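Labels for the chains are A, B, C and D, by order of writing; each one numbers its residues from 1.
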Amino acid sequence: MTTFHYDRTIRFNDTDGAGVVYFANLMSICHEAYEASLVAAGIDMPAYFRGHPVAVPITHSSIDFRRPLKCGDPLQIELQISILDESRFAIDYHLTRNSEEIATGRTEHVSIDSDSQTKVPFPLDLRLWLHFHDVDC
Amino acid sequence: MTTFHYDRTIRFNDTDGAGVVYFANLMSICHEAYEASLVAAGIDMPAYFRGHPVAVPITHSSIDFRRPLKCGDPLQIELQISILDESRFAIDYHLTRNSEEIATGRTEHVSIDSDSQTKVPFPLDLRLWLHFHDVDC
Amino acid sequence: MTTFHYDRTIRFNDTDGAGVVYFANLMSICHEAYEASLVAAGIDMPAYFRGHPVAVPITHSSIDFRRPLKCGDPLQIELQISILDESRFAIDYHLTRNSEEIATGRTEHVSIDSDSQTKVPFPLDLRLWLHFHDVDC
Amino acid sequence: MTTFHYDRTIRFNDTDGAGVVYFANLMSICHEAYEASLVAAGIDMPAYFRGHPVAVPITHSSIDFRRPLKCGDPLQIELQISILDESRFAIDYHLTRNSEEIATGRTEHVSIDSDSQTKVPFPLDLRLWLHFHDVDC
């Protein structure tokens, strides 16, 4: 598959009272990278995230922190998408600051019918996204 | 050890465009429960979080989501603290809504000298917190 | 009218890299007080905030800061609701820390049909809220 | 003075349960534009925002909303900086989406000695920023 890249400068509001990026905000910045990969594939964002008739919620997220980030720091995120089964995929995030490793993260997502809350195969827009990023499904 | 309990009602700003709690915000709500456990033990919060001369950053966080939460939902969080070694501890979070399981999470923390960024034994306020919550260290 | 009171302890995630509450987060904490006043009146929060068929967006917000707030600080917010016209109301927020003035804020809200985006009279749940807080409308 | 421009795409985490940008987040996005204007002038961000020995807190902020923003919307912000007196300046924000007016905002800032909390003339980095953006001071 192709690897997707996302660049972001750390902002004041990302940091907390210790002067470094607040841990949960770094997960949120990983989600920004995922959104950027959707935009790159031409996905209609409001329709995708509204979650009807199919929603794609996150079922798991984790992150391991190596080094702190400060306001103004340049951050690079590399995404790797993988298929877990016909309704589930994962994204691995590799975060660096000028080639110095900052953190690694992962989110897992499942495609569900929003009424019945049961698993369904990936909807069309998600298949377009996977295809755009050269992920077989 | 004693288990610490934290209650919280879900607010509008916790939710996202899909009408449910945004995944990273639920990690942040777990951190609120950790803060409440510090306050309960009488820890001076600004001093503790300023991180000088000892900082206690999060090195790992993870969360598994079972069910979505909506604005107005009552959330109960149960914390369990465990010692990993003389500089590291973990907190496990069990999140329920009226005894229905919502999510389980975990954070791992390390005690470091803020100048040298090397591991140090737990500082006094952290030992008081562990003692208050009946965790042997 | 009755004045509504809301108490809140400042949390780590409310603060920024300067160690004090981030300005926009204090507006968000005012919104929490507004939500608490809706809950007190028994309003169905997900239905109210979903915004169909009537939405009640904020058209104006302002805040004046007198003193900074730190992590762990106790904050008291006093709300005063006033009717501007048949589709618009305002909330004035008076923020104190143990009777020391911290800030004053204001939000203005308009009741609109979510399809046509035109002004409509207050919907039933909003009238119940106004009635609960002894505001004539 | 020169006008400073900042472009930003609306992200999922900017929106709330009503599917549009949460009001306080739009103030935060205005602050991002202010930060970008500091970066453009070469200001050392961590040093500037740490607030020692001089801090530059926000004393007032306000925003008027004309139209809602959704996830994926392109937003353009135009900044105008003005001097209020030797310790205070204001920034006016004009927010548009493809030349359609979205909102107008304003922040007011004061330069203070962080120990005595009394007003002081603008520090050097702030004067460099004003000079960079062709604001007389």
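Here is the rule we use: contacts are C-beta pairs under 8 Å (C-beta built on N, C-alpha and C of every residue); 3 or more make two chains touch, one makes a residue touch a chain.
Predicted model, so just to flag it, every value in this text is computed and none were measured.
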Where the centre means the average of the CA atoms, what chain is farthest from chain B? D
Higher number of C-beta pairs in contact (A-D or A-C) found for A-D
Would you kindly tell me how far, in whole Å, the mean C-alpha position of chain C lies from that of chain A? 32
Cα centroid separation between chain C and chain D, in whole Å? 23
In whole angstrom, what separates the CA-based centres of chain A and chain D? 28
Can you list the residues of chain B that touch 2 or more other chains? 12-13, 15-17, 19-20, 22, 24, 28, 31, 46, 49-50, 70-71
Applying the document's contact rule, which stretches of chain A touch chain B when the two form their complex? 16-20, 22-25, 27-28, 31, 46, 49-51, 55, 57-65, 68, 107
If you look only at chain B, which of its residues touch chain D in the complex? 12-13, 15-17, 19-20, 22, 24, 70-71
Looking at the complex, which residues from chain A come into contact with chain D? 9, 11-13, 15, 19, 28, 31-32, 35, 39, 44-46, 49-50, 70-72
